[in-house]
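The same chain A turns up in both complexes below, where it pairs with chain B and then with chain C.
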Partner chain A sequence: MAEDPKTATAGSPFGKPQVRIDGRAKVTGRALYPSDEPVGNPAYAFLLTSAIARGRIRRFDLGEARAVEGVLDILTHETAGGEAKPPEMQSGGKTTTTLESDRVWHDGQIIGVVVANSYEIAREAAFRVRVHYEKEAPSASFGSPGAEEEVREPGEHKDYRVGNADAELASAEVTVDGWYGTPTQHHNPIELFTTTCAWENGKLTIWEPSQFVYGLRGNVAGQLGIDPEDVRVVSRFVGGAFGSKGGATARTAWIAVAARRVNRPVKLVATRDQGFTIVTYRAETRHHLQLAATRDGRLTALRHEGWELTSRPSDYNVSGTETTARMYACPNILTKVNIVHADRNTPGFMRAPPDTPYMFPLECAMDELAARLGIDPIELRRINDTQTDPTNGQTFSSRHLMDCFDRGAERFGWSRRDPRPGSMSNGDWLVGLGCASAAYPSNIAATAARVSLRPDGHARVQIAAHDIGTGAYTVVAIMAADQLGLAPEQVTVEMGDSSLPPASLAAGSSHTATITHAVAKACGELRDRIARAATTSNNGPLAGRDPATLVLSAGRLTAPDGAAEPLVDAVKRLTPGALEVYAENIPKGLSPEAMETLYKGKPPMSRGQNREDVTAYAFGAQFVEVRVHSRTREIRVPRMVGAFASGRIVNPLTAHSQYMGGMIWGLGAALLEKTEIDPRHARYVNDNISEYHIPVNADVRRVEVIMIPETDRDVNPLGVKGIGEIGIVGVNAAIANAVFHATGKRIRQLPIRIEDLL
Partner chain B sequence: MRPFSLETADDLAEALRLGAQENAAGAHVRAPMQYLAGGTNLLDLMKLDVMRPERLVNINGLQRQYGMIEADGAGLTLGALARMSAVADDPVVRRDYRVLSDALRLAASQQLRNMASLAGNVLQRTRCNYFRDTSWGACNKREPGSGCAAMEGVNRRLAVLGVSDRCIANYPGDFANALAALGAEVTVLDGAGGTRTLPFEELHRLPGDTPHIETNLKPGELITGFRVPAGPWTRRSLYLKIRDRESFDFALTSAAVALDLGDDGTVREARIGIGGLVAKPWRSHEAEAALRGRRLDEASAAEAAEAAFADAVVHSETAFKPELGRRTLVRALLEAARLTI
Partner chain C sequence: MDVLLTVNGQQHRLDLDIRVTLLDALRERLGLTGTKKGCDQGQCGACTVLVGGRRVLSCFILAATVDGEVTTIEGLAGEGDPLHPMQQAFLDCDAFQCGYCTPGQILSAIACVQEGHAESEDEIHEYMSGNLCRCAAYPKIVEAVQRAKPLMQVQAKESD
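Presenting the complex of A and B:
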């Protein structure tokens, strides 16, 4: 942390590539993912899920299933429906029910739980259950008979009306106007959705992969009507989450109920196809995007109207227009979002939930406008770049969008692009080059941490934070090492357990900023205690110095004049054991009740687009080369370059992986990913990873990441912006724009497939 | 998955004895006994509760006897238990029967190819999602007479050639289309030790009114191997597979082509297989006839492609497939003509 005078040291690991401290445990299989945690004598659960999307359960035939030897219990609405309530969703209010009643809200809804002595027995018994339904005609999607549309009310998310966009669109010199769509998508983390529950003396322990252990704790306590203090959630390692493990889902409470009923720990590993319907996913969206501009490329109006699909009871929707309204200088802005209810499971967060679908139409439309005006797409963005948030006149805490474009363009070789569509080729393949802007709000949440330091220079950090594969363990170690003048190897990190000090939801790219500030605060207080003791003691080399000027580094406490005391002695002065500090960090702009909120299991988050001092976003530029076969039209992506300015980078090694992973996901989202739904039955069809496609290695050729150094003193004290999600944003548009450049065809519905280009 | 017994056969006699069926009528895929080779298709379907055999007979012990890859002047002999990867990588197959090597190499993943046998590969069953998920009520292939959920559902990956009004499932494999194209034969033993040889093209059946009967194998019959006749076309051959992603994906369309060209580019003989969108492994005699004696160029290739897809039947999401199939075949023919052999 070179810029903090208290710790300005060349030896700090902050900002240097650091291998994961948990890497060895992971690759040697010693990292315990929740379903690996040993529990004594477990029983096994297999979920029964509905085969219809709408209706009621008239009756179960359980005889054949109960007769399978080793079956312990079968939970249905008739046998156990009253024993738990539905969870509270992170967003969007009410959700669908499961065993609470005979009602079926969506395909694949949990309607029962078979518990048996082994997984195989439970599965076999589940296959032998017959369910008799009273079917009703379901609505699958937008435009299906029975789907209900409503205009989103201002609440969780905002819409904007600046100037008069409609009037400007009606009279503008140049306009572009297009309808766009993005499909249903599922995260499919390789670690399946698992839950293990055990009761002991009325206290419940839950092992479940989670992005928010305090949230899950609070939720399950509420569902079961017990004290949150009697629930512990353990989630030390998470095998991919991407938003899918952020909110509590119904299964957890039912497994807890099952464990109570059979008086044994119960373990659930839901199947891959069940993962499509028992948790959340990315909602299908539609967009109408209109731009107006002058002939020299200045935007004069932006109108973005979105439609988002959700379940019958839920109002889940995302803040996509909050980003698109802020991307470019524009005097007339109108945004609007409509929520469409159908007989589907409730959607939720998936990597860059708002920005992935919403930036797609805007960035395609910008490309279309550039082509229309004969202006280079990068130059069009430069003409409309702004340091002022067009929705409220605030300045951006920092915005280096054009630096990203310039550095990226140079690396990518953008200047070699012939702008005429269809003009570039390589053998039998048409070549297309496309670009798009990326943006993601910089968020930060209230969080607590406990740090202890022993005289031998070993520190331990305890924080109920989450490493969902991002490298958060390592970030915590780096931060503590930086603050205490140690090496990362001298820091032990404990996370992913609700018996530790609470950390907020690992989502919204907030976690690194959130946990570094909490850890820094606890370490700072530790340092102050040591420094005060060192300066107020009668003897010792630092006696009488100003404690605020002392620096902890390389195992020493050092004064500006060079006088120093080994950390060992300084700590020993206070205790022969361990010094310990618990600290809570409440970021600027959040209320003092933030910690109480967090203890209750709700994430107290300051969002970059809602701040009243500055507007805080990270920015980036995406570049993609596509090849389209001139005859058979396969679309391949030999090259991607992403340049990002996201504040200070704690660990460039894991940051690189985050960006790259996001970009690769963007490739998949643009060309491959789509959950197919049967329009008559409102049921998912390709609910497996053989047919739900994500890129394989052969699809991913050169992927280059450029990290633009950025100092931002306003975003937060450490200048850390989130990077977990921005890597995916805009890739879909960059690919669509590249496909246009290769073929002259504008495809506005994702994924872009061979048949779109025939 | 339901309980089943597992027996292991170390030699042919034992395999046939264990495999002998009380009732040798009906479709082999529905028989209570199934041979277990690599298991990469069978065990999947059992876990999905689609196949519910009571007995499995593990025949991997027969690999010593029926794992051969042998070429001589008259042709290529491949054992039923040769692994996909071994055949794909065999230098002689690669040089002299490139279309076979290509078709295997472009299938599945390396891990699967290491496990999977040739006989298991040709007998793999459709990936139609409505077939593979028992929570769908209507599937004539799984439950005869129950209807076909795919007909007006999600069917982008299903067939347009050889379909019936009972079933539009595609045969998903690659290798079998190349075998069909090259006019291979398959050797089958019955429970009594009797041997029969049938043209590979006759191993699988069209769905017609009985999509649940997929092959002409009787329950308990064992495939021991394949014989691919040599011909001047097998060297100038390739398999072109068009798919959404670059690897580990079934074909949307594919073409297996083998050409014998005169010095002036005239087609003396052509062997053409079609895949991805076919109801069973497919040889297009029509396309072959359209090419024979013609100079291979864009126009003749396009005519052959027209002939190959003349009888295509499309459904809600497959309207694009005949066109993609034609383009695939044209591209494959032109690329094969350009090969240096």
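Presenting the complex of A and C:
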């Protein structure tokens, strides 16, 4: 940590742009993603998935499929259903089953696995399987006959009741009241959902892209009834995740079962359409959002009620009211969340899980209120800015929301905005400028790391962390280099393997804070051992100095009086080989059992909104220019500016990419992305990456990222907040607000499309 | 069926099921896993390789029908060799995050320059739109193409 007096700030790579240490492997095609890992003589699996959304399987006709030459095995509930149990959901609670029974919970559910000598044979055989169903009419979505609604009981997520929002809404000077909706969305990482399993002497190795290798290990061990120590999960590189590779899904255990049955490694590369139904996705949501305010713009009430769609058995929900209740100073707050069950697969987390859907209505409503009051939208946020968490009176560990707005507005040229809707144009294009707030809780988890230092000054860090594109390999190298006074090139990093010390889930903007603290702790202990040995030896140049005052920098251990010893000599004093330290970091507020929990495969996470000392969030401001064609109503986004205050940035180069990627995700969420569902069959219609529209190169023009320097000594010792999620938050609202500014139309259902503006 | 493939200057004689795509032949038979499977239906561009210098979706072509020499990402720079200017530009510009679409992006970008479709920023945006990047490194991909283009032209002149 550059600000730690024990290490010198000069020369530290912390906070300086650093090209990815794994970059060369990625641009040369030598980075091994799980399905690239070579295994000897693999068999290939093809999944059978259900063609109905609700009912039972009466029987399978497997004869024709089994007759295809090269077919090795076909797993169904009848042939193999008892060999594995369902995985546990990340959030707890129940989920749908697969081969364990004849029950069909949703369209595209895994109902069998065909295993053959080649991919082509497995695929052909899969299409020759005949399935006879007992069909029932499915419920597809909100409002479908048979969909069941229930109030989400407080548990992992709370509801907030401060003052009396209903009474205030009934009597306030000014109110806005709107219903909003966000669609089903799928992560669609470019890497498909793959699993390769191999058994050797009763021990299982799984190669699968994962955001949590210890979680997958623990889950599959539980599903198969074996010791977690006999399972190894390898996921050195992940081809995009965005939440989709965080929780264990049913496929993994079935591929392990298949490999055991055919006594060969088995490789599965699920197809793109199967990826829509065999893993999680972002749930469809509905919102009723009401604000009350005085004529001078002070909020007097906030009422936010949400509805989230989930599967029949699951109570999964993201409850983003945790954030909306905390955004602005307000004396009367009421939040509530409802769950609606339908015949769908179970949703899960997707980039900025709670805040992408929940901040949309709040930030649109703030814009509407500003327009109603004739107050500039940024000024309305300034009037209601607060350094105190309105739900509990705690202070924010740091909150630089208005600095983000001010810097962003300056870069964006907000002052040139004529507030009247439809007043700005450029040729045939109507121009709209919109803004919105962004926020995301600062989370951190317990994690361990092992660091070794060789006498030649080369360090190796081992940590079962995950680089899902975030630059985690490089972050770990920077952190170790910073702590040990080395250059990042002198640090080798091993990650993505459950045979390494356990790291928590790479999700919820927690991973950088989590792993940097664990690496710093291990490095600190290593440094202390070297310093102690150097100061207590009789013959060294540092004999008799106070070990706490020694600085490790540029390959030397130096005392305040200038006496110094090369690191090489200091390490040699302790060992002729490599000096190794294993350390566990349990963040403040977590129980001492956190590491045990992690070893079992559960993420022990301290969440920024649940802390008892401070409320810890990162904040930001989003600015978007949209152009709406005056005749065709085509919507384009020529320019986006995002300003973020997220604590100290470890690597500004990769951080810039992450923020930018998040903002472009916001563009997709606002204008393009929607998984369409056939209401009769509860079936996804556009389950491919051509008809499920994600942003392509031509959709994206100027995207500017501003990183506001922020020192936060309360969030965690290193002052590091997460950045992976916040980039997307609020973009959907900023775009909807810009569309309003361009056209005068308030669109409250995403995505916003041409037909909404005709 | 007996198939002769020339990949990165090396000839390979393979006995293949006629249904095997070029992508699966590269990945599962030749161990060239730098070429990625992202959709297997010609929608994402992750499997882009060069055949006879032109960009081709290797998931969309049967191995048995390949006519021309195939260049994959592994063929641009050997281990320890200097990188191709496009690879170096992608690395320096941080024109990727997860890296999964990157081999396809780089081969597509090389072809984009060679086709003469990198004359302006707008043109690069359009002609690189067949390669999806879910991490959304698009602005940096455009920057990398612009950075590599003059270096590629210098290299091309030197080799003339």
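Following the convention adopted for this analysis, the second predicted complex is superposed on the first by the 755 of 758 C-alpha atoms of A that agree within 3 Å, B and C clash if a C-alpha of one lies under 4 Å from a C-alpha of the other, contacts with A are read in each partner's own complex, and residues count from 1 in each chain.
Basically, contacts are C-beta pairs under 8 Å (C-beta built on N, C-alpha and C of every residue); 3 or more make two chains touch, one makes a residue touch a chain.
The shown structure was predicted, so the numbers you read here are calculated from the model rather than taken from an experiment.
In this superposed model built on chain A, chain B and chain C occupy separate space and fit side by side. Applying the stated contact rule after C-alpha superposition, one finds that A:Glu191 touches chain C and leaves chain B untouched. Of the two partner chains, neither chain B nor chain C is touched by A:Glu494.
Of the two partner chains, neither chain B nor chain C is touched by A:Asp528. By the document's definition of touching, of the two partners only chain B reaches A:Arg680; chain C does not.
The partner of chain A that touches more of its residues, comparing chain B with chain C, is C.
In the superposition on chain A, A:Glu120 makes contact with both chain B and chain C.
When the two complexes are overlaid on their common chain A, residue A:Asp406 makes contact with neither chain B nor chain C. Judged by the touch definition given at the top, the superposed model places A:Asn697 against both chain B and chain C. Touch criterion not met for A:Asp569: it reaches neither chain B nor chain C. Superposition on chain A places chain B within reach of chain C only down to 5 Å, the least C-alpha distance between them. In the superposition on chain A, the residues of chain A touched by chain B in one structure and by chain C in the other are 120, 690, 695-699. Residue ranges on chain A touching chain C, taken from their complex, read 19-20, 22-33, 35-36, 38, 118-121, 187-192, 237-242, 269, 271-272, 468-471, 653-654, 656-658, 660-661, 664-665, 668, 688-690, 694-703.
Interface residues of chain B, counted against chain A in their complex, comprise 1-3, 49, 127, 129-130, 133-137, 149, 152-154, 156-157, 242-249, 252-253, 320, 323-324, 327-328, 330-331. Against chain A, in their complex, chain C makes its touches with residues 17, 19-20, 24, 27-28, 31-41, 43-44, 46, 72-74, 76-77, 79, 83, 87-88, 90-92, 94, 96-103, 106, 124-126, 128-129, 131-142. Put simply, chain A touches chain B in their complex at residues 49, 51, 120, 123-124, 127, 273, 629, 631-634, 636, 671-672, 676-681, 683, 685-687, 690-691, 693, 695-699, 753-755, 758.
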